[in-house]
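Have a look at the structure that comes next, please.
In this document, chain identifiers A, B, C and D correspond to the written order of the chains, with residue numbering beginning at 1 in each.
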Amino acid sequence: MTMIKDSVHDYIELGPTAEALLDTAAMQRLRSIRQLSTVQLVYPSANHTRFEHSLGVYHLASRAVDRLELEADLAERLRAAALVHDVGHGPFGHQTEAAIERHLGRHHDEIEWFLTDSDLGDALEEQGLDPEAVAATVDGRGPFGELVSGPLDVDRLDYLVRDAHHTGVPYGTIDHARLLYSLQTVDGTLALEADDVATAESALIARTLMNATVYRHHVSRIAGAMLDRASERLLADGAIDAERFARLTDAELLATLEDHAPTAEFSTRLRERRLYKRAVWTRRDDVPDRFAGLEYERTRDLEREIADVAGVDPAAVIVDSPSEPSSPESRARIVVDGELRRLEERSSLVAGLDACAAEIWRLGVYARPDDLEAVREAASSVLAVEADVVP
Amino acid sequence: MTMIKDSVHDYIELGPTAEALLDTAAMQRLRSIRQLSTVQLVYPSANHTRFEHSLGVYHLASRAVDRLELEADLAERLRAAALVHDVGHGPFGHQTEAAIERHLGRHHDEIEWFLTDSDLGDALEEQGLDPEAVAATVDGRGPFGELVSGPLDVDRLDYLVRDAHHTGVPYGTIDHARLLYSLQTVDGTLALEADDVATAESALIARTLMNATVYRHHVSRIAGAMLDRASERLLADGAIDAERFARLTDAELLATLEDHAPTAEFSTRLRERRLYKRAVWTRRDDVPDRFAGLEYERTRDLEREIADVAGVDPAAVIVDSPSEPSSPESRARIVVDGELRRLEERSSLVAGLDACAAEIWRLGVYARPDDLEAVREAASSVLAVEADVVP
Amino acid sequence: MTMIKDSVHDYIELGPTAEALLDTAAMQRLRSIRQLSTVQLVYPSANHTRFEHSLGVYHLASRAVDRLELEADLAERLRAAALVHDVGHGPFGHQTEAAIERHLGRHHDEIEWFLTDSDLGDALEEQGLDPEAVAATVDGRGPFGELVSGPLDVDRLDYLVRDAHHTGVPYGTIDHARLLYSLQTVDGTLALEADDVATAESALIARTLMNATVYRHHVSRIAGAMLDRASERLLADGAIDAERFARLTDAELLATLEDHAPTAEFSTRLRERRLYKRAVWTRRDDVPDRFAGLEYERTRDLEREIADVAGVDPAAVIVDSPSEPSSPESRARIVVDGELRRLEERSSLVAGLDACAAEIWRLGVYARPDDLEAVREAASSVLAVEADVVP
Amino acid sequence: MTMIKDSVHDYIELGPTAEALLDTAAMQRLRSIRQLSTVQLVYPSANHTRFEHSLGVYHLASRAVDRLELEADLAERLRAAALVHDVGHGPFGHQTEAAIERHLGRHHDEIEWFLTDSDLGDALEEQGLDPEAVAATVDGRGPFGELVSGPLDVDRLDYLVRDAHHTGVPYGTIDHARLLYSLQTVDGTLALEADDVATAESALIARTLMNATVYRHHVSRIAGAMLDRASERLLADGAIDAERFARLTDAELLATLEDHAPTAEFSTRLRERRLYKRAVWTRRDDVPDRFAGLEYERTRDLEREIADVAGVDPAAVIVDSPSEPSSPESRARIVVDGELRRLEERSSLVAGLDACAAEIWRLGVYARPDDLEAVREAASSVLAVEADVVP
């Protein structure tokens, strides 16, 4: 057993399989991908990486499989899946996943391709693990796959706490020790004791408050939108192969953007934190339905239209009309009198939290500071919104 | 300036007035009253006292008056009120306040009587403070009284965080630094920035989760109900003068109960943690309306009726039908576009949290372990409830 | 398994034996004895009790026996001994242990008498444990007794961390997880890896800094000395039986002092924090050797002599000439190349820390504020010291 | 005032000058330089950056100048110097500072060159600050320069706590609030109250334990030595201009190493954590004096000599014979009876800590795993040491 010191879980014990898996370029790369990508532009302490998060998820999975007394092979697979679950992430994690999906047609949770084409796949096989089965587990399929990807998976139990710890906001402090103790299986399905509804609710609440103060902070959203547009341009221009793109680190993406003239400005702006500003920032109620939760192509058309009206460079207008925040935690299962229920059926909080999530939705239009007034006016007429920045 | 080390706020700076007030028997007595009274029977670390809580409330008040740049005299009064706000508490705090109200007709927030009849009143006057004005402030009246007693007063900002810290549950971790920064006055009324709705909501949430896991825990409720009945007996028997009773410490009340034969058993049971058990523990939906939120006299009648049916000592049946938990935090004021709104008008969470609060309500009937079955049966027929203990 | 939430160790798992032992009056009494007795007069948050500390020691013992893979019976005995190790403490713990030793001739670690004369002894037997063997373990004797009472026992690992947590000083934060991982046995003797010298040193350091800022703080020493003199008077006057005295709680001792006229003043002073003040507070170098580390009888003679010279009541002069602080941690064993060494042989720090300990030694003479000048002058001539209060 | 959330100090208030200075490429670059460079290869959570550390140092400086009630202009200069004190660092901070000194002849604390040749210099002037005076302050010169660079400067108060927080080791938890409160000036010199010797000692202790467990951990030293040799090769080969080198970020240095054939292997090894291993790791007593604390040229000669004897590539042998750890904190000044003393004169701990520091010294010889045995043997004969790896 090797012990690793972690700022969230104190000591993490690594078995020989975990050590072998960590000893791959694929896993070591995660040291260079920040867990919260651009959030550090708002919360300067948020520099934790997908590497330490992966160790944390492994730790929680280890404790869960011990707790559930799973048999050795299954336990080994679940621990391995927990450890490698993030290897499919591109540079800046979620901020480039849409670009990668558009160009490669796959999501970061689908890592089968990765396990068959990296030193990590070999390492899994050497440890007697089937890469396909591990990939399925990462995707939430197969026995106890929901432990790694499900409503109350060990991934979110780690990141809600870790993200709160590193941003310094107190909201994410879930009682994960109690959630793990409360875990049980009913007919092969993971569930929590009815007694522990309050503990499960605390995970939903942490999610809701983290959305409001961290995950959906406008500075991070602006930086993320800039990264998406720059990445799209890079890929559309063929300046980099999409497979290669998907394996870059954060810094490598910035360097690649720098080297390609049409995207160089984005890289400099992100590095020097000279971001686009909000020309429009409007609540859901004030946005016509046809402009809420837009498809990508439609978004780009609107950007061009606004740029045209405003008389500015089309690359310099970003429309950001996100889908509504979801709370998968509300589908966690609760055992009530021996029967399984969804948390949302048992908890009056869930509806309130959903409403909360809707309240923090904003339509954003972002532009260079110099273009701000022109873009605001143009966006107002094109999108038929009060061009305003509301709190 | 004297510095005092506090486990929640790190260092607390005391000015000369605070030092003089602390130097009274009335304030020193608070070292012997646990903040969470019987909660330590469930959470063994919850031994913090009303003394350290008072220091914490003083600290937050000091920061708030600095932040609001109040003039010196008002600031001094508010700090003093914050420091002494809990001197009116009887032994075991909230657990005896109903008994005290029945016998003395006053609430622990009404401390004018106290300030005119203790060394603390003299100390206030020596410091140039008017005891009446301080008492009014403690009761939430007068300029900025809501800072000491109001929807987001410094009292609750301290106790929600402190109680979480000492029980070890993570729920109470409000971002009080940000709440204080966000504080402002609009036409003399305290309010928070609209930007900070999420921070204000976190206080409501902390309250809701603390209610569910700590404040309304059945073990603490049982111990509290036992204390109430024992105190009532003591006072009804004239074994102690009510004014004297109201000034006991926790340990002194136990000793007084021990010395009076009819209440000695209660004292031993509380000391040795051999508490009554739940004969009935039923959700609101399963309780006929006429038995929810009962008046005290009605409760005692029902206890006698159940005891009679069960054939047990009337002192050995306790009916506990509490009022519904309230969340005063939902009435905190928010500034939206320069206008004041209640948090409940701006936050979809509030309704969800209210529903949550309703969900944790339980009707309890408690009895000695030996009498449990007999009392359960009797209570079931008298109260027309399914005699069950639900989670 | 029952889970208990603890503010230091998060969750503590209790087995059935632990539950049965906790369910005794002897263990429940520890809820009413503060771990740091009079330290709360300096650090108002230091209200943690010997009850929660006992749970913490039990928790660390459980982890250690798991780590060492001890056989079941021995493990059970060690856990039980860890849990009950403090039942022999009198009211206010260390502050009355000298008085108890003078009158009963036994130390709080000798609990055999207690286990044969309390419900706890019966509970141990019911759980299949031999009270004598448990008592021996508490005293550090028998197999692995040093785990419960030895240079790096689980007692001090818990209290150094817990005391720091509750006073709010950061010094006691030992890496106990790593110490436990590092634990091993060499020929039946507990030892740490040579690699972990820094971790072991951190325990010594925590002790040294806690001595300086917490354990030997003059306010706590004054209050402790007052308690000792009051207790002595109580016992000498036969106002209470010594066996009964040894089983009081903190509050019961104060009440007992109150009820006995010659000691009532002490009780009021402790309750209202109107303590004696320092007439003399002098470093070791400035004190003639014959007055350093005095026997009790000699101390009382000096008090009378000083009172006589000063013309004050002999009960109103307290001489406090303590022995030098020890650091048992320095005798912890380290495995170097398979051989056992004492930490003090391997660590250059130990000598420095011993010197540090010597530096914080002070001779104190305490008196009522009104008598201060008279006593200072008298003490100066009787003790041949510069009558001064140095930092 | 802008508020920034920090994981160590909670909220940091930024004035307009600080905001303007942060808004420069020079300061934003610090987001891409890890505070502990290669330590994250041992402690995966240690990803905090010089940017957030700079904010922390600024915060402590702000509190100190408030506490000392310095006049406005001086306070402004000290805050600015605190904020920018780290801009002179090269990539990977201390790990390349020797290479930079060899090629540019300057230390990272000498930032005058930088302030006259960057947007930061302009920003300082725009804020009415003299870049030269700020540079002098960063170097510890001029009025209160020691607050920014001195025995107990705000730099080390921040990093000892921050490094402990992010590595997860508990040792660095200095009571910085108390240190700041205790700060005063005697004839223009910063000093601490004699009362607070224990607090000052805690800083020394934190340093000693952090040296042992974090700063001088062999994995980090190996990685650092690899970086130094690779950087030297890059600069000696003229593959990059030295001025440009000094302004790279961590990731940019790795990319630059990757692009230069002779250093590419180093980059890959660091990225994938396939580091050199210890062929020799020997205590000071076992090393002939002539090989302790070697000059750089001598070190390189020895590397070549060992490689020659071992028959391996000279680039593949690294000799690491560091100077002894220093503890500048021991020269902090203490006020005793109105006179200034050095902490080392007042504290018996200092000598012990110095001895401790000497004990953790090791001579290291590092090589590729394949070459390990050959290099060990060669090094043993060349350096006349027992070729061993001791704990």
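The rule is short, and it goes like this: contacts are C-beta pairs under 8 Å (C-beta built on N, C-alpha and C of every residue); 3 or more make two chains touch, one makes a residue touch a chain.
Chain identities (UniProt): A, B, C, D = Phosphohydrolase.
Note that this is a predicted model, so its numbers are computed, not measured.
Undergrad: Select the interface copy of B-C from among A-D, B-D or A-B: the correct pair shares over half of its contact pairs, counted by residue number.
TA: A-D
Undergrad: Looking at C-D and A-C, which one has the bigger number of contacting C-beta pairs?
TA: C-D
Undergrad: Go ahead and note the Å separation of the Cα centroids belonging to chain C (Phosphohydrolase) and chain D (Phosphohydrolase).
TA: 41
Undergrad: Can you work out the whole-Å distance between the CA centroids of chain A (Phosphohydrolase) and chain D (Phosphohydrolase)?
TA: Taking the average C-alpha coordinate of chain A (Phosphohydrolase) and of chain D (Phosphohydrolase), the gap between them is 34 Å.
Undergrad: If you average the Cα atoms of chain A (Phosphohydrolase) and of chain C (Phosphohydrolase) to get two centres, how far apart are those centres in Å?
TA: 50
Undergrad: Residues of chain C (Phosphohydrolase) that contact two or more other chains, please.
TA: Counting only residues that touch two or more other chains, chain C (Phosphohydrolase) contributes 10, 169.
Undergrad: With touch defined as at the start, can you tell me which chain B (Phosphohydrolase) residues reach chain C (Phosphohydrolase) in the complex?
TA: 4-8, 10, 23-25, 28-29, 31-32, 34, 40, 43-45, 47-49, 51-52, 55, 165-169, 249-252, 255, 271-273
Undergrad: Which chain B (Phosphohydrolase) residues qualify as touching chain D (Phosphohydrolase) in the complex?
TA: So the residues of chain B (Phosphohydrolase) touching chain D (Phosphohydrolase) come out as 3, 10-11, 177-178, 181.
Undergrad: Show me the residue ranges of chain A (Phosphohydrolase) that touch chain B (Phosphohydrolase) in the complex, using the header's touch definition.
TA: Of all residues in chain A (Phosphohydrolase), those touching chain B (Phosphohydrolase) are 169-171, 173-175, 193-195, 198-199, 201-202, 205, 208-209, 212-213, 336, 347-353, 355-356, 358-360, 391.
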